[in-house]
């Protein structure tokens, strides 16, 4: 047993410092840098930092889009910080839609786990890639491209979407154009939409200007 | 309408070449490099390159581990080539187990979609992170660390696992040690297992030497 | 002089192979991979592979947007292949506009070299960042976010925009929505635009469906 | 309008945290890491963090090299922190020269916006790539290689140079050899320059030893 | 000399901030992020931050494996922080062995500098790559794969191993399985080892459960 | 045993394709891309692709610098292709010197294995980091910075240097300035060396112009 102790001690200097290199659970209150949040001290990390239970239940779909996005990104699930991956749950009630949007920082893989979803994206060459997906089907949405998901079943549909980034971002087109103080004139000039349309959507989505 | 044509043509040189930058669907028969497969010509790419239907059905769990892993990695689903992400389906029959293994090239996120799974990983500091996961729970396994999944329900359990790489690799511990021609003496000397154990497992798993 | 020869020959094996590592001028006809085009043979590379003269003259702004984008991306300027950087020239006639768009794969830095430009972008949090830029001013547009540029001078304005990628991509919002065969019903459902608006813009921009 | 509120609230958890992922404006007084400066709080970020006006005017060329380099790197323009890109302005009076130098951390793209510049770089294979550039011409200098720029017009020349890094670094050959306390004997032994030359240049450039 | 001062001052703003971009010596007491430790202030950095003398002497091989691993990773040698590289010294007494292990975060290059070493690794495809190495031989172990080294000389052998990461991590198989509180039943179920074997190794290596 | 076959077959699709993801041994005759050489077919790869014996013997130091650099970069040792790491052997006879040089693409770690070496580098801030290294000492040279090594022992010294890139490149200052056709006038204008010095070194090193 004495040998074992020698063995252990000779390797201890490596092991005792190695843990933090395996992962970097985000400390949401410490400084954040371009690569992500600062790391929680390894000695304080428990298995619960690597488990996220917030996707068990369906999101609330009693809204205008009849849909909900429940993210498990680094800000909600600090265990993924620095590890290049994250996930979210999509719930789509009948006629539900995840409106046209982009993720500026990551590609997305969608897996349908209940119901059926019509999904599509548009490439830089303006080609349309459109498919009705069944349960178990997987669809890829390349980084930064406009895409959407629509419930194509008469019942609730569910999907889990994973991203190649712990913080993929989300820019919803209508929000970007109509839910802030970007002046209507600028929206019109840069999108060719007419004034009535822009003002109507600003009214619905809470935009000003 | 003439103006439109000018508009279109002035931007055409960008758009016509941009497509391939959005994605690089793998051409499995062309040269492969460190970053992945060569790209299929964009003009030949269709939506079906971005949709994978091979995970609709359960994998065959009538085997010794009562479990199946069905991958949608770049080699099976060339649409993910170069995009830093992939997915697989796990099916675990009652008492099924995905044995101790690593993915040398990527972290993993597991989502339980049916049943219940006991999962765990071991860090470089030899700490154990172990949790029983319910439907909808997510668990993270950091890159390159030993981990496993065990069905903890009396019924079939299903999970979808996503990876931060289009080709995460998979090294199953028992296969690496006992299913090849690595001489028994070397296995014993480097694992401290005794000769009888090594030879018994080699016999079961098809190893020689 | 004999010593020199020894010196040269002892180091020759390094130098003779090192060149291709310095750069990888794109061979546009060879296989392309996720990291870019295959490399032209170093022995065939000349200084002209690293010089692009296509931005000397203004682009043609006699079009509906009164603006032109002239790219020097890897597809036009193969010298930047693999080196993480590219550039384009913007010409804006009076009242010219570069419509709302994104670059899915890179951040952008704009330098005004003539005239004055009103530029803006919208973040994932839907905040608007808007500024009138004078000659010599620099503005940053983070990766993947919607942005635009409008001539705010009574005369022609010019800017050079550089990107942190040899192939930053370009997705123009109106083209993505209205210049392809994405069915009008899907555009409407995912953008909340009304049918008349969608069909009018499809008519102008050449879309079908 | 009630529905809108539901819509907004269901997506709010994503959006409210997403901003910081779009960008990481450098907080120059907070801890710095290998990936760059810590991020300024998103709520404190304004458009002025993304606009740099320090390049409007020419740099002072009343010096021995008749030239000036005005950088907009992360240390001067914190908006580029973490976004893989930066820019600088070069002013070259008649006979002005940017002496032989390298950028250890990034490739460079130069655009001539006034006058004419003779520029060149040397590859690892010791090949010389040399070109006289006119207004509007672009030249690439691959990462880490020795290069220079010389005014080849009888008047002031201006160029904007962009880099594939927010902090490309700058090592000017003569400064590295002759403007510090590297002992003359070591300079001589490692460059084959004679003692008189080394001491003369050390005298001019302020070196000691 | 006046000109020199102009020259120096015109370039000073660049140089004075550039240093920290060249390197980021780890401050082990400051916040750590996914990309590594925070940087020590450049003004406090000395040459001793870039020199590590801890590998001069042999590690203590008076232990059960007759071997020692002495790391110069970021935690021991903060100068490598953020620079993608590190090194360690291996000492193997006669019959010494570095047991089966992985480095989750980096590939490894081994150079034998004394004696002779039998080394091997197993790929994801379960192929075995095995070689007896002489003094001066180099062997590569790809990232994340199981590998080992055994002294094949009758005398002490020494090797230096370098890694493509400042913190490559180290997961020793026997420690991961038998030197912690991972329940024996789970070890058995996920490795197919029998109860007696697992308990015997746990006893030797200090495991519980 | 039947179960084993099921087990094997259920996992075979993963394993059979996984090998190439573990490594990408360079095929020096196939197309090369920005990320490195194309991969040799995994079925043709043997252990000898991962072992390099070319560093067993000392390089020839009978030359003007009394030193030799023997590289094991991707071009000599294709096994490192794509794996972010390489190595070289330095031999320095008494008074031998590795002249001032840079590696444009990688940081370097030097380990002295025989004799004693005086090594140094200069930062972007023109600070000098200089140290006499003994056997077993390690010194780091950050990416792209000028550095050198001088034998400081009366006997032959040996070092192994590893790099954080499979193809780090090598630009030797005197070769870049004096061993090619870069016109003397340009060398003089960009380095402030006088005409006699430049022509003398061009004569020794084989430069023209």
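Letters A, B, C, D, E and F mark the chains in the order given here, with residues in each chain numbered from 1 onward.
The working rule: a residue touches a chain if its C-beta (ideal position, glycine included) is under 8 Å from a C-beta of that chain, and two chains touch if they have at least 3 such contacts.
Here the structure is a predicted model, which is why all the values come from computation and not from measurement.
Shared contacts of chain D and chain E, meaning chains that touch the two of them, come down to A, F. Annotation: the A-D interface is duplicated by D-E among the options A-B, D-E or D-F, judged by over half of the residue-numbered contact pairs being identical.
Two copies of one chain, chain B and chain C, touch each other, and the residues they use overlap weakly: the shared fraction of interface numbers falls below half. A separation of 34 Å divides the Cα centre of chain C from that of chain F. Taking each chain's centre as the average of its CA atoms, chain C and chain D sit 20 Å apart.
Contact with two or more other chains is made by residues 15, 18, 21-22, 31, 33-35, 83, 104-105, 123-124, 126-127, 130, 142-145, 169-170, 175, 179, 204 of chain F. Interchain contacts (touch definition given at top) occur between A-B, A-C, A-D, A-E, B-C, B-E, B-F, C-D, C-F, D-E, D-F, E-F. Within the complex formed with chain E, the residues of chain D that make contact are 31-35, 59-60, 62-65, 67-69, 71, 73, 75-76, 104-105, 167-170, 172, 175, 179, 204-206.
Contact residues on chain A toward chain E in their complex (touch as defined above): 1, 3-4, 6-8, 10-11, 13-15, 17-18, 20-22, 24, 27, 30-31, 33-39, 81-83.
Residues 15-16, 18-19, 21-23, 42, 46-48, 50-53, 55-57, 72, 77, 79-80, 83-87, 89, 106-109, 111, 113, 121, 123-127, 129-131, 133-145, 160, 162-164 of chain D are the ones touching chain C in the complex.
Residues 97, 99-100, 102-105, 118, 120, 122-124, 126-128, 130, 142-146, 148, 150, 169-171, 173-177, 179-182, 186, 189-194, 197, 201, 204 of chain F are the ones touching chain D in the complex.
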